[in-house]
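These are the structures, in structure tokens.
The two complexes that follow have chain A in common; it is paired with chain B in the first and with chain C in the second.
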Partner chain A sequence: MDEMRTARLEAAGVDVEEALARFMGNEALMMKFLLRFPQDPSFQQLKEALARRDAAQAFAAAHTFKGVAGNLSMKALFRQASPVVEDLRAGDLASAEGKMEALEERYRQTLEALSSLE
Partner chain B sequence: MKERNQLLTSEKEKRAPGFSPPRNGGVGVPGIKTRNLSRWYGIVLNSVMLVVVAALLLFVIALVRNKLLQNAQDLGNALVQSYAVEEEMTIQSLEREVLLISQYVDEIIADGGDFAEIQTWLSGHFAKLIQVMGADLVDFYAVIDGEIVAANPWSGDAAYPYTDTDWYRQAVEAEGEVVCGEVYTDAITGQRIFTISKALNQQGDVFAMDVFVQNPSLHNTAHTLPEDCSYYLCDSSGTLLYSVAPWDVTSQELQSYLDQMLAGIADGSLLAYDATFTDMDGVARGVYCQRMPNGWTILLTIPINSILMGEENTVVYIIAGAAAILFFALAFMTIQDALRSRRMKRADDTAHMLGDSFYAIYRVNFVDGTYNTFKTLDNLQSDIPPSGEYALLLQAICKVVRPDTFRAFETSFSLEHIRQRTARGIPDYGGDYQRRFGQVYRWVNIRTLYDPELNPNEVILCFRDVDEEKRRELQHTIILQEALDEARKSTKAKSEFFSRMSHDMRTPLNVIIGCCNLAERSRGTEEQSKVWDYVKKIQLAGSQLLDLINDILELSRMEAGKNNLDLKEINLKELLTNAANLFQDRVREDGKTLEVSIDFREAHVWGDEKKLTQIINNLLSNGVKYSNAGDKIRLEARQFDFQEHSKYQIVVEDTGIGMSPEFLEHLFDPYSRETTFSSRPAVGTGLGMSIVKSLVQQMSGEISVNSTLGEGSRFTVTLPLKTAHSPKRTAQPLLKKQSRPFDWTGRNILVAEDNELNLEIITEILRLMGARVLPAANGAEAVRIFRAAPTDSIDVILMDMQMPEMDGCEAASAIRRLERPDAGDVPIIAVTANAFAEDIDRTTKAGMNDHVSKPIDSAILRQTMEKLITEWDARRSTPRE
Partner chain C sequence: MHHSKSETLLVIDDEPINRAILCNIFESQYNITEAEDGLAGLAAIETYGEKLSAVLLDVVMPRMSGIELLRRLHQDGLMEKIPVFLITADVDSTTMREAYELGVIDVIFKPVIPYVVLRRVNSVVELFQARRRLGAEVERQRDKLLLQAQQLAEMGMGMVEALAAAIEYRSDESGEHVRRIHDITCHLLRRTSLGKGFSENQIRLIGMGAITHDVGKISIPDAILNKQGPLSPEEYELMKSHTVKGAELLARIPQMRELSAYRYAYDIALHHHERWDGGGYPDGLVGNQIPIWTQIVSLADVYDALVSKRCYKEAFSTQVAMEMILGGQCGAFNPLLLNAFRQEEPSLRKFYSPAKGGTSNG
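And then the complex of A and B:
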């Protein structure tokens, strides 16, 4: 794996070493799934559920999103998603919404970094 | 709690305010409409009266005014008539004078008197007349033999064409009668005059007298004229001859003023008694007129005010004043009445609103023994007449009282008792009782209210539905009673505990004292071995006593909340092994076995050594205590990873006597001990499990227990403990330690995960290992796939915890319940992001073997699966490979 690509992924908040370990050193597989990330609907579902003020659905979506980010070792995104999940687990919509802007910004940055890899 | 059926009576009972809506549906309130109606009647009647009085007053005033005006007209007419007569009389007296002088002149002529003689006589007579009547009133002359003889001769006499004048012609025509002519302007003086003339005896001779009609002394009316009245005299052509008027104006102006009045008289508009016109000063005046026989007209004007407000009108004033007083008094009464009735209505409304909370209200006259209904239930109206004998009312009320309260009720509200109470001056008396409404009994509050100042012979008897309040109150009492019972029970348990503890302490103390006594007695003897035996017994009893006291102290410390964790880096594996080893000797002696199986990647954790030891010791000693010879005791410990925190699960399992479900419920309650254990000597304090639970909770852990009576017990403690080293560094070497690589070829893994991407990731990872994957999108699908798969074909199940339709725990329980040989044994691994102790506990309860944390660590996942499959392979009847 070339260093520039690794650096870009790291800059996007991906723990490349951990991700590679998860895919047992299979870089192609890791890239395949990283590039699949933008198609994952969970972030959109989270936003929609929050807009509907549906705490239960928002929690489920946030939890899934966090899980996906974790499995792709997107550490930065994972760390920012965790408090949102905890807020929603407690049913605190307002607090979760307060954290959404930063999370969305991070999400957008991650997508940008991923698109530059294609 | 015994229900209170008795009639609860109290004097001036204070009730908590009820919040139930008033139940006054169907209650008829008579009289409100009628009252309102009569109130309106009063106001309307008063108003009509006011209007009538006002109209009457106006009518009277008009009547009086008319009468006054009519009287004034009569008076004016009479006055003006008398003036006319007077004017006429003046003219007649002058006519008589003319007749008299004519006769003198005739006599002088008959006596042969000449022209000069006549002249002299006329002048003399004129002088005498002036003396009597005043100057400038009249002037006279005669035509004798065609010559004019004048009393006051003037230069034109000779040439005067007298034959052309009216007075001469008329006198000649009248043949000796006195003639009075029209008013004309005198050619010489320019004054308004008229001439009275008479033919003399001698043919062609005429005597004439000019009258200066404008001379005031001719009319003495001015002196007799009433104040403010005006007098006008005009000739037949309407020309003003004489006037008495206050106006300082020219004769032309006065003439036009007169013309106006004459026009009004001519068209009749001023003839009516109440007709007026406005004079030059703007004052309204009434006009009265009289036409004289010679065609002249006399007018008299009087200001209307002087007619209406004369002294005679005092009566009118008195009447008007009285009427005004009457009117205002009536108006005041009407207003006051309206105000009072409004106040009364408010008081009435208030009373009704207050009355609304009562469904029935009666006024009872206890002296006569009668009652009057103020308000009653609709369905009672047929039974209870609006008024009548109180005894009948009481009878009707008593009919629906609960039979067990009947007698007390009847007595308390009998006339006699009411009289007694009122005699004692009790203002408010009553209580709650149950009354039948149709088929159901409801709580009702009855009261008798008495106010001797308002009505010394009456009480008000009222009924209010208090069912909801009462039930709440009773409910509240039950809750309080339960709390009290609970407190009593707890106190009782504590005192029982203390009495048992005292007993338990006495036993080893007795042993110690007894052995000491025995040892003392052996003093001097050579029985050394016996003494050592006693010392050993003393030692044993002493340590038992110490254990007991330690437990009590520990419990009381925990109850007081004074228990802090003393965190140190410890080797948990060592701690567990050491604790187990301490029991090994005893277990062997008892003919039992104690197996220890510890699987930690990291044995070094931060923990409270003493407390962890206490937990393990308690659990192990429990297992040893409640098992029989030949039973197995197993200590199993595992480590789960979750980010920087690790979970350690310690399981202590025995095949001993087990516990009943009833006891399991109270296992962790302090001061409890399974009574079925009483067949054997009671060992321990019964505090062990409470202490363990408290300690585990203190470490933020969970403890659960499964037990079947006669089959054994399984205690599972899950503790979150911080590892002393990072998990990554140790995970790798552990993986490398794998002596023989696990062959994944042909292994089937059922994966339940709802997120597509996550499912694909995990699928790809497992395929990389060489395994086959059966993907399921949720728990329900996982259960379906497992059920459809051939027995033993699935080697391991990975279960995501949070899934739609059926979550991981439900799915695992469902699989475990399936009726197939592998359902109970197939390894199920929870994949969870929430590795809190209670979540792990849930997975364990759901029958899952282990859990891995999310995000997935491929190495740990692989290791966990390989371990579980290997274990299962060993248990399976047909091991693979």
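And then the complex of A and C:
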């Protein structure tokens, strides 16, 4: 991976070295999942479930979202998604919603960094 | 350790990225099977069973969660047989505790760190492999020991049989005598109500005991054993002592006591000349004080002696022999035993092949 790409991902909060280690140094496999990240429906599902006030679905979506972010070592995103998951596990919709704006902003930045990779 | 890739790993996770990461970690060492939720995982476990070296299980999944699957595996008793690792993103203490209680080998947190997962899973797989190898080895050793014990027992019986035959030769009998007593005794136990309550194994042991019924004759001088014509009262007393001597002889062989046939053999040697009315020897036992198996051997002994040629007599025909026994000329027998004997006598003749010359009429 060239330095430019690495720098962009790092700026978006991705720990490239750690992510690569998780994929056992298999860069192609890591890139496949990084580039697939924008199509992952879990963030959208989280927003929709919150709008419907469906705590169970919101928890499931947030949990999945956090998992994917964690696997790709999107450290900043993972850090911000974790408390949302815990709020929803406890059924606290209001508290989760309060954290959504910052989370969405971080999500948008991550997508931007990824789009510049292609 | 797993160079051959003969081990199979099952990865159960609904997220493709999680499966991809785990597969990527293990695919150089294991054959990998994937399942997308708990239900599909259960189906895979039911298919592969103990062929699975390990299961890597996610917790939050649609259709059937990891915990629900664990409960099911626990209920089916599979948790001791297959190592299951819970791979979870949540440091939720209640889930973790239940998982351990249900028997998971270890809990690994997501996002995973490859060298940690690899090390933890491999250690457990190797442990289970070693355990299986040891179990198989113990089983092999046990089979070997059992076989040796059986061979020893057979050799012991072979020796006893040889001894019994040797004693028969002394009294000019062919050695066929003990074989026939064995056959007649087993036949009556198997084919008539006399054998009710006896297992096939017990019948086999009684048959062995029948073979040594006359071992005590080894202590009787040739002059008496092979005397043609009637014995004097003193000689007869000495002859009668073969029962007690035989029982003493068997009791003195230490290994003999270990054989399950011993209790039958001892009693048969001691009491095969007792009679139903108390008119026999050495103890003058009456009726069912004489065990039924010893009663059967007594009758078989008398019948065989009658239809065979002996130094002191010619052979009688089977018809005459039967009449003599039923008529009480050879001492009193249990009426039930006589009944069974009368009914089976025709089929006992098959034990006397004409070629062996044991009987007058074949």
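One rule holds for everything that comes next: the second predicted complex is superposed on the first by the 118 of 118 C-alpha atoms of A that agree within 3 Å, B and C clash if a C-alpha of one lies under 4 Å from a C-alpha of the other, contacts with A are read in each partner's own complex, and residues count from 1 in each chain.
Rule of thumb we're sticking to: a residue touches a chain if its C-beta (ideal position, glycine included) is under 8 Å from a C-beta of that chain, and two chains touch if they have at least 3 such contacts.
What you are looking at is a predicted structure, and each value in this text was computed from that prediction instead of being measured.
Of the two partner chains placed around the shared chain by superposition, neither chain B nor chain C is touched by A:Asp54.
Look at A:Leu29: by the touch rule set out above, it reaches both chain B and chain C. Shared-chain residue A:Gly70: touches chain B and chain C both.
Overlap of the chain B and chain C contact sets on chain A: residues 21-24, 26, 29, 33, 36, 60, 63-64, 66-68, 70-73, 78, 85.
Across the interface of their complex, chain A is touched by residues 754-758, 760-762, 764-765, 768-769, 802, 804, 833, 854-859 of chain B. Within the complex, the chain A residues that touch chain C are 21-24, 26, 29, 33, 36, 60, 63-64, 66-68, 70-73, 78, 85, 89. By the touch criterion given at the top, residues 15, 17-18, 20-21, 24-25, 60, 62, 89-90, 92, 110-114 of chain C touch chain A in their complex. Interface residues of chain A, counted against chain B in their complex, comprise 21-24, 26, 29, 33, 36-37, 39-40, 42, 60, 63-64, 66-68, 70-73, 78, 85.
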